[in-house]
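After this come two complexes, each holding chain A, first together with chain B and then together with chain C.
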Partner chain A sequence: MIGMKKKVKKNIINIYYIPALALFGIFVIYPLLKGLQLSFTNWDGFSQNYSNVGWRNYQTLFKDANIKTTLINTVIYGFGSTLLQNVLGLAYALFLNRKFAGRNVARAVIYVPAMVASLIMGYMYYFILQYDGGALNDILGVFGLEAVDWLSKGSRAVILITLINSIQFVGVSMILYLAGLQGIPSSYYEAAELDGESYWQSFRHITLPLLLPAITSSVMLNLIGGLKLFDIIQALTAGGPGFASHSLATLVSYTYFRGQNAGYSATIGIFSFVLIMAVSIVLMRFFTKKEGDV
Partner chain B sequence: MMKRARKKRKINISTFVALLICAFHLIPFYIMIGVALKSPYDTSSRWVFPGYLFLDNFKEAIRYGNILQSILSNVIITGGAVIGITVVGALAAYPLARNQTRFNKGVRTFSLGMMMVPALSLLVPLYSLMVKIQGISTYWGIILVLVTFQLPTSIFLYTNFIVSIPTSLDEAAAIDGCSKLRIFFSIILPQLKPVTASVIIMTGVGCWNDYMFSLYFLQSPQIKTVTLSVASFFTQTQSNMGAAAAGALLGIVPIVALYLCLQKYFVKGMVDSAIK
Partner chain C sequence: MKRRMISLVLGMCMMVSLMVGCSQKPEQMENEEKNATENVGSTENAGGESEDASQSADSGDSQDASNDAAGKKYEGITLSFMSNIAGVQSEAMEEVIAQFEAETGASVEYSSPGASYEELMKTKMAANQLPDLFTTHGWSIARYGQYLEPLNGQEWFSRLSESAKQIVVEQSSGNIYCLPVDVDVAGIIYNKTVLEAARVNVDDLKTWDAFAEALGKVKDAGYTPIHIGGKDNWTIGQFFDWVAPSYLITDEGSNHRDALKDGSFDWSNWKDLAQMMADWKAAGYFNTDCLTADYNAQIKAMAEDKVAFEFLGNSAVTEMQSVNPDASLGLMSVPASSDADEPTLIGGERIAIGVWKDSANKEAALELLSYFAQDENMKKVASADGAPASFEGVESDTGIITEDLAKYMAQCRIFPYFDREYLPNGMWDDMCITGASILAEDSGAVDNACAAMEESYKAKLEVQ
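So, the complex of A and B:
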C-alpha cells in the first residue's frame, strides 16, 4: 500500500509530458490514422461526401509511371545529397581543422547558406541557372559556347537540385565533423606516428572509427532532410518539366491541390510515410549496431 | 630557417584554398545582391556589379511585395512557436530524464521518432484537420503545427541536458520537503539557460525559414511569411527580377545577421542537437 503510494508520487511528474504527447496525438497520430482512412476513398478535397473505393488507389499507385520517376528522384535527392554532403563536409572539416590564417572565417562562411530558407536559396540559384541572362550561361558565352536551358531536362534538373541542396547544407556536416575531430586526443596520432603509420593509415584506424558518432548524426540528418526535400524543388522546377523532377513530398502536394485528388494524394502520403520511416529506422539500427561494435 | 620558410608558405596555400572555397559558397549571394541593385534596363552580365546606386527594387519590394510586413509576421510566428517549443519541450524532458521507467523510455523513443516523420505525407489529413478547427490563416494555427514538428528537437536537447545535471540538488530539495513537481521549477529550470539558447536557435531557424507549412496553412494576404512573399514575387513578377531579388535579400538579412553576431551559439546548438 505504501509502495503503491510512493510509486504514484514518483510517477506524478509524468504529467509534465502530457502537453507534448497531446500535440503529437492531435497533429501527427490523428492525421496519420485519418490519412490511412482517406487513402481508401475517392475524396476530391473539398466536397462533403466521398465513397470508399477499397484498394483502388493503392493499385493505381503501383501502376503509376509518375510514381516510379518520383521514387527514383526521392532516392537520388536523399542518398545523393547525403553522400555528397558527407564526403565534402568531412573534407572541409579535415582541411579546416588545421591551424592557418583565415580558417575561422572559412568555417563561418561555409555555414552561412544553411541559415537561408531553402526556398530562397532555390531562387538565388535561379539567377545563376536561368536560360536568359543566367550567370552560368554568361560563362559559357565567354567561351563561345551556346546557352543551355539548365532546368528544361528532368534528369539534369534532378542532379542540379541534389547539388544545390548538398552545397547549401554541407556546412552542417562540416560542423559536426569538426566537433568530432576536436574530440579525438592528439596523443592517438602521436602514438600512430611513432608506430610508423602513414597519414592515410591513421585516418583509417583512428579518425574514421572515432568519428562514427558524428558520421551517424550527419548521415541521419542529411538523409531525413533529403528524403523530405520540398522547398528547393518548388522554387526551381515545381516538379517539372512534366513530372520529371518531383519528389514524393512535392507530388503529394501537387496531387492534392492541382490534381484535386485528395484520396489518391493521401495514398501517396501513406506510402511515402511508410517508406521514409522504414529507411530511417533501418539506417538508425545499422549505425547503432556499428557504434556498439567499435 | 629553411623549414620555417616552408611552413610559412604552406600556411599561405591553405589560406588561398580556404578563400576559394568561401568565394564558391558566396557566389549565389553575390549574384543576388547584384541583381537587387541593378536597374531593370541594365542588361550587363550578372557577374558585373553595378557601378551606380539604384534602390528602386527595394522600394518596390517593400511597397508591393510587403516584405516588411512579412518580416513582422515571421517575428510573431517564430516568437510564438519558440516559446511553445521551449516550454512544452522543457516540461516534457524533465520526467523523461529524471524518471526513467520502461514506459518513459518508450515515450522518449516515440518523441524522438517524431523527428523522422515526413510532414508532407500527412498533408491531406492535416490540412482538413486545420480547416475543421478553423486554424487556417491564423497565427495560432501555424504556431501549433510548427511547435509540434519542432518539439522532438527540443525534447532531445533538454532531456540530454537534464540527464547531465547531478541529482544531488534534487535530493536535497526533496529532503527539504519540496515536491517532485516543484523541483522542476525551483531546481531544474534555473539551470536550463545554456541549453535553452541552443533550443531557441535550432528550432527558431527552422520556424523562420519554413515554407511548406506556411504555403498551406496561411492563405489570406493578411498573414504572409517572408518565404510566401518572396515566392509570390517570383511567380507574379517574372519581368522584374530586381525587385524579387531585393525582396529575397531583405528576407534573409535578419537571420544571417543574427548568425554572424551569435556564431558561437549557432555552432554549439547545431552540434548539441545532432550528437548526444
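So, the complex of A and C:
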C-alpha cells in the first residue's frame, strides 16, 4: 500500500515535466528537425515552393571559402572570449572576495555591462571606435596622433569584438567564481597556512580544485555564448568588411535574409549546431572527469 | 494535501508564465468565416510587434449595409500596413492614413520597422501571412508579385504617367501590382560648395573618364571625392547599380540587355566596372572609412560639405537637409562609359504600395490605396520624398533638385535599376559583398568579383 502510494506520487511528479517538455519540443526540437529538412532544399526563404537538392548544400559548405574564415572567427570568439572572461573573472573574484571599502560598488560596476543588451553594447562601442567622430580617434587627435579606422581590417575587428564581448560578460564569470570561493571553507586555508604553504600553493592545491564546479559552469556558459555570438558583431561590423568578421550565427542570418538562400542558411545552422554540441560534449566529459579526480 | 495543492498551484503558475512570452492576439472567429485564405486572422510577434490585421466582428460588406446610416463606412475594420519608409516620408504617409481613418472609421495599424523590413516581409511571405497593405520598394513584380492583388482595374490606373507605367507594369502579363505614389528618378548627388571649391562643372562630366578627372581635382582641393557608408553594405551595391547600366545596358549600339535576361551573359564584361572601383580606391577617391562608416555618416559627410559625390537616391537629399538646411546640393546624370554613349538617369519604384491578394479586408485596403492616389495625398507624400509624383498633372515639391531633375529628365534616357531589371532576385547582395572585397583591396578581388557574380547569377537563375 505504501509502495503503491509512493509510485503514484512519483508518477504525479512526472506530470509536471510535460509543459516544459512540450515547450522544449515546440521551440527546440521541431525547429531543429525543420532546419535539417530545409538544409536539403533550395528554398529562398519566402517563396511558397521549393525543391529537394539532396546533399548539394553540404557540398557547397565544404567548398565555400567564406566558411573557413567564419569558422576561424567563431572559434576565436568562443575560445578567446572564454579564456579572457574566465581568467579576468577569476582574478576579479579573488580580489573582490576580500573585505574593503567600496567592494560592493566594484562588484556592481564590473557586472553592470552584462545587463546591457548586446546590440546596444555593440553600438556604444561602434560610436567609440568609428573612424570619423569616434571617441577613441578624438582622444588620439588630442595627442596629435593620426586617426585609425579600427574596424577596417578583419583581423583587428575580430579581436575587438572578442574583447568587447569579454568585457561585457566578465561580470558573469566573476559572480560564479565569487559564489564558488565563498563555498570553500576557510579552515582549509588556515590548515595550509599552518603547513607553510604559500599563497600560490594554496591557490593551486585548494582554490582551483574546489572551484572546478564553478569553472565548469563558467567555461560552458562562456564558450556556448561565444560560439553563438551575434549581436555585438551585427552592431559593430555587420560581419564586414566583406565576410571578414562574420560568425556562424551571423552568417546564418545573412545567408537567409540577404543572400535569399534559406536552404544553405539551414545547412550552416546545422553545422553550427553539430560543432557547438561536439565542443560542449568534449568539455563536459573533461570537466566531469576532473571533478571526479578531485 | 495542503502542500500538494500549493505545489499544483505553483506548477500551474509556472506553466502559465512560460506561455506568456509566446502570447498572441486571440484569433478572431470572424476571420474564418470571411475569406478565401488559410491563414487570415493569425498574428505574429516580430520584434515584439503584432503585425497582421485583426478584425472586427462584422465583415466590411455587411458593415456597409448595416452601418451606412448609423456610422462610417469601415467602422470597426482594422487594416495592417507595413512600410520600409522612415523619416519625414513616413510621417507624411501617417498623416494621410490618419485622414483616412477619420473619414472612413477604419483603424490602420501602420508600422515601419526600418532596416529589418525586408527580413520581416520574407518571414511573412514564407508563412503566407502578409499585412493588408505594404510597400514594395522596387520589388512589386520580381519578388512580391505572387502575393499582390493586380490593380489594373482601379480607377486611378489610367492616370499613371508613362514613366511610372514603365517601372511598374509586368511585361509578361501587363499587370501592375502596386500604386507607385512617386517615381524614383536618380542620378549622382553632388555638393555644389565642394565642386565650386574644386573648380568642377558637372555639365562637363559626360563620361567616367571625365568623372575620374574631376575626382582627382576634388581630392587635390582637400575634400573626399566619393563617400560610401560600407558598414551598411547596400551603399556599396548602389555604386554598381549606378555604374553597371552605363557599361552593360545604355549603349543602344552595343549592350547586353538580352544576354543578361536570357542567361547567356559573359561575366568577364563585369571586369570593367569592378576595375574602375579598384582603380578609384587605389587612387584614394573613396573615404578612408568606406568599409566601416555607415549610411548616417554618409548623409552627415555630404551635409557638412566634406564630400563631393554620393551614389544615393534623391530621398537622401531630404535627409541631408535635415542635418544641414543650408547644404547646397544638386543632382547630375550618370556618366556614360564612352563618348559613343550619352549620360543617363536611373528610374524605379520608390514609395509604392500594394494590397495582399488574400487580405480579408481587401475592399477597405483598396480604398486606402485609392486614398493615397488622390491628388493632394499623392502630392504630400511625393513632396516629402522629394520625388516626382507618378500621376500626370500632379506636381510634387522636389526641393532643391527640382531644376536639376527637370533639366536631366528632359535630356536623358531613364533606365531601370540594374539589379531589379537585369539580375535574378537575390543578387543585390553579391554586388555588395564583391564590392566590399574590392574596397578592402583584397588580392584578386576584381577577378573574384567576376567569378562570384557569375556563380551566383547561374545558381539564382536556376531557382527562378
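The working rule: the second predicted complex is superposed on the first by the 282 of 294 C-alpha atoms of A that agree within 3 Å, B and C clash if a C-alpha of one lies under 4 Å from a C-alpha of the other, contacts with A are read in each partner's own complex, and residues count from 1 in each chain.
In this section, a contact is a pair of C-beta atoms (placed from the backbone, for glycine too) under 8 Å apart; a residue touches a chain by one contact, two chains touch by 3 or more.
The model shown is predicted, which means the values in this text are computed figures rather than measured ones.
The superposed arrangement places chain B and chain C in clashing positions on chain A.
In the superposed model, A:Phe79 makes contact with neither chain B nor chain C.
Residue contacts after overlaying the shared chain place A:Asp44 against chain C, while chain B stays out of touching range. Of the two partners chain B and chain C, more chain A residues are in touch with B. Legend: residue contacts after superposition of the two complexes on their common chain; A:Pro19 is shown touching both chain B and chain C.
Judged by the touch definition given at the top, the superposed model places A:Ser152 against chain C, while chain B stays out of reach.
Shared-chain residue A:Pro241: touches chain C; no touch with chain B.
Contacts of A:Phe287 after superposition on the shared chain: neither chain B nor chain C is touched. Looking at the shared chain after the overlay, A:Tyr58 reaches neither chain B nor chain C. With both structures placed on the common chain, the touch criterion links A:Arg98 to chain B but leaves chain C unconnected.
By the touch criterion defined above, A:Tyr188 lies against neither chain B nor chain C after alignment on the C-alpha atoms of chain A. Once both structures are placed on chain A, chain A residues 16, 19-20, 23, 45, 133, 262 are touched by chain B and, in the other complex, by chain C.
Interface residues of chain C facing chain A in the complex, by the touch rule stated above, are 11, 14-15, 18-19, 118-119, 121-123, 125-126, 128, 143, 146, 230-233, 287-289, 291-293, 297, 301, 425-426, 429, 432-433, 436-437, 439-440, 442, 460, 463. Here chain A touches chain C in the complex through residues 16, 19-20, 23, 42, 44-48, 130-133, 149-152, 154, 237-238, 240-244, 257-262, going by the rule given at the top. For chain A in complex with chain B, the touching residues are 9-17, 19-21, 23-24, 26-28, 30-32, 34-35, 38, 45, 92, 95-96, 98, 100-103, 105-106, 108-113, 115-121, 123-128, 133-135, 138-139, 167, 172, 175-176, 179-180, 213-214, 217-218, 221, 224, 227-228, 230-231, 234-235, 248-249, 252-253, 256, 262, 265-266, 268-270, 272-273, 276-277, 280-281.
Those residues of chain B that touch chain A in the complex are listed here as 10-11, 14-15, 17-19, 21-22, 25-29, 31-32, 35, 43, 45-47, 88-89, 91-92, 94-96, 98-99, 101, 104, 107, 110-111, 113-129, 144-145, 147-149, 151, 155, 180-181, 184, 205, 208-212, 215-216, 226-227, 230-231, 234, 241, 244-245, 248, 251-252, 255-256, 259-260, 263, 266-267, 270-271, 274-276.
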